[in-house]
Amino acid sequence: MAWVNAIIQGILTGGLYALFACGLSLMFGVMKVVNLAHGDLAIFGGYIALGVIAVTHVPVLWSFLIVVPIMAALGYVMQRTMIQASLDRSVLTTLLVTFGLSVVIENGLLQFVNADSHSLGIGNSIITKSFSIGSQIQIAYLLVLIFAVAVAVLLGLQYFLSSSRYGRMIRAVADDREAAQLSGVDYRHVFGIAAAIAFGTVALAGIAYGMYSQFAPTTGTDTILLFAFAAVVIGGLGSLWGTLLGGVVLGVAQQLGAQINISYEVLAGYLVLLAVLVFRPQGLTARKAES
Amino acid sequence: MNAPRPGNGTPLLEVRDLVVHHGQLRALDRVSLRVFPGEVYAIIGANGAGKSTLLRTIAGLHQPTEGAILYDGKDMTKVRPERRATAGIVMVPEGRRLFGSLTVEENLQVGATYARKGAWTIERVYELFGWMSERRTQRTAQLSGGEQQSVAIGRALVANPRVLLLDELSLGLAPVVVQRIYAMLPQILATGLTVLLVEQDVSQALRVASHLQCLLEGHTTLEGRPSDVTPAQVEAAYFGLGPEAPEQDEEGSEP
Amino acid sequence: MSTVTDTQVRSEEKIRVTRSRRNVAWTGLVAIVVIVVLALFPYIVYSGTTTIMVQAFIVLTMSSMWNLLAGYAGLVSVGQQAFVGLGAYFVLILAINGISPFAALPVAAVACGVASLPLWWLVSRLRSGYFAIATWVLAATVMLIIERFSSIGGGTGLPLPGFTGWDPTLLTAYTYWAGLAVTVLALAGTYLLLRGRLGLVLTAIRDDEVAARSSGARVGLARMLVFVVAAVGCGAAGAVLAISQLQVQPAAVFSVQWTAIMAFVVIIGGLGTIEGPILGTVVYMVLQQTLASYNAWYLIILGLVAIVVALFARRGLWGLVDDHLHVRLFPVGYWLWTPDSAGRRGSKGFGRRSRRAGRPA
């Protein structure tokens, strides 16, 4: 039964990972940018939430209403300025600039906050509790909530991309940037929107993480970036639901690894990722192998 | 098709002494042209002559090294491609370049996103191409070459351009398909559009054009009305053979 | 027509091809003098200075390797810390088994080269962004695996055995010389490698991979070779690190910060030049020494400067020097001398990237 519990925990954690991953996937799918600062942006969002809560005393659960728009706006600005500038130069430059950004954010946080871990805490409501099924399975309400939020965000994103004007433009620009220009679409603006969505969702994920666990300045790279990347790769690029699948597979792999030996948790996830990279690099949901 | 060109009056689209480089290569060498409203202006020439480069520069995808592009008298040379499209210069690019993961209807919807007011709507495009309405929810990657070309034209039309740029429509398509597509041209022109097209198929171009310009290695070797040039002259201009290809002046009179 | 005549005339005149613009024999002489002077440092300066120099050597070696990867082979690796750590751990393992750490150094470096082969197999098919993160994942995985073994210290690490009874000044001196030797070998090795056939292949790949492949260049082999060499270099640097720290801790030797330092040094100094990392290391050491007490600051500033340089001065500091002085300390390109060019370097956009200076042929 402990194994069943592990699997359930893994599935639910997968929701959190999917929330981390969808922004990374979007930025890569639309602009071919691998944002190495992605994880650090999640933590940055968490720290902003800490600050906002300290100043406005808004309940933790509602802090995202303030933080997500701020981060989305930041995303638009960063994309239109720094990231677009690096895109105009080369792929290499983009990697270097986002890597530089990652280091600056991390060390900036280390310098201006401190190296300690923080947690957002979750107040006193029901979500501090968990419920049990049988004697071996214990599920935290918070985790279920996070999973539900992840699914909701993915559904919302899917609807946005498939049915809205901007969603169509994003897909068009991702398919063929020049042809979109010929249809009157300013692709830099569309990129900005995509980045805003990516930053917003990753901030939401950072807040969720902060409620569920603790974060420190280095958590962005230690944990989040590589997990997000793993979820995207395992699930398959180009599919939002693939990202959820990838997150779930990652979560389950980690929990099963932890069952064998608590210190195998993270390692198990990476080993699954490496296996996918070697044997099925297009991911689990893609239909055919890409070269 | 053989109506005289307005001698004075502002051309709708004008290119003056355009010089365009691809890296170190001089793709266009002081090319000029003038397109008047309602014309079908064809640019012909062999591979590498610079035809598509010319069209892409007019659309804004290339920046010229020298020269100017004027639209309705206004200098457009530094304007970004998407702004030219919303101003009324819309190109159907070489190779169709549809949005492969989008459906037929979605492709048209993208084209209509920043459309000007005019006669063309998505429904009107469906009327023009009878088969399209039934296949509107199909992804364009699944269409045949000719069908894709029609969708690409439709995508440009719904933006209600004033000048429609057609880049190598016939590329990769069977002749009978090409003819069918060019047969649409009168209906397009009837709504007040002007067409500037690039075509490798010379006979097809001669059939539809009201004015002709031939490029060879980046410069103009011939210009005039189809009725005023002989096949021999066209051939000479196309291949760059000797001094027998006289440059026509705009009234089309023999030297 | 006119084009035909020009070619005819040209082929009858003599065209010389040389490796460098000026006689650089004197550069080689200067290099030898510099090395000899540096080797004498332990006799002339305080051990505090030599310790700082060792740090510089470590950074310079690693940066040269990262430059080889990113600037020449086009491989942006965010996982080189894997080899830094492996180099340190190989030395530790050998030292635990009774071998002197200094003797273990070359063995550790070679072992890293061998270890890089299966790792290359794992990531070789991936493109840029994916490659970058995959190498990061690899490094994290390697660290997690190593931490499993308590015999080499588990998660907390171990002090480095093999130096009991050594005179501290002597140890510092030997460490310094080891660092110097590694750096000289790294730079010389890079220079010779790039000067030869591999350099040509890499430049061809950098300019146009498809064309290079169809001309017969073994692209995959060239990249693998670079990856292995970089692993050896970073492993050697890691070995020196272990010796200089007298301990090996996983979190320290496997830290992604090493890649950050490597990358920033190279970007600021000049990507794709051998001289660049030297300049960049100087900048890094100056920053680190002046801001040493302010911990995270030097990385923040380094990162910001690197971003600015990457966006606005793509060829880095050395690029700026090169533009104005046309100097090349490590000549790996070619100069084309035609009678009417007097060794002109050709237009700005042409000379650098293709490394073929002179008139367009």
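Here the chain labels run A, B and C in written order, and each chain numbers its own residues starting at 1.
One rule holds for everything that comes next: contacts are C-beta pairs under 8 Å (C-beta built on N, C-alpha and C of every residue); 3 or more make two chains touch, one makes a residue touch a chain.
What you see is a predicted model; the values in this text were computed from it and never measured.
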Chains in contact with chain B and also with chain C, listed by label, are A
Based on the averaged CA atom positions, which chain is farthest from chain C? B
Counting C-beta pairs in contact, which two chains come out on top? A-C
Averaging only over C-alpha atoms, locate the centres of chain B and chain C and give their separation in whole Å. 52
For chain A versus chain B, what separation do you get between their C-alpha means, in angstrom? 45
Roughly how far is chain A from chain C, centre to centre by C-alpha average, rounded to an integer in Å? 33
Which residues of chain A touch chain B in the complex? 165, 168-169, 171-172, 174-176, 178-187
Please name which positions on chain B make contact with chain A in the complex. 59-61, 80-82, 85-86, 90-91, 93, 97-102, 106-107, 109-111, 113-115, 155-156, 159
So in the complex, which bits of chain C are touching chain A? 70, 74, 76, 78, 122-123, 125-126, 128-130, 132-134, 136-138, 140-141, 144-145, 147-148, 256, 260, 263-264, 267, 294-297, 299-300, 302-304, 306-307, 310-311, 314
Spell out the part of chain A that touches chain C in their complex, as residue ranges. 28, 32-34, 36, 82, 85-86, 89, 91-93, 95-97, 99-101, 103-104, 107-108, 110-111, 221, 225-226, 229-230, 233, 263, 266-267, 270-271, 273-274, 277-278, 281
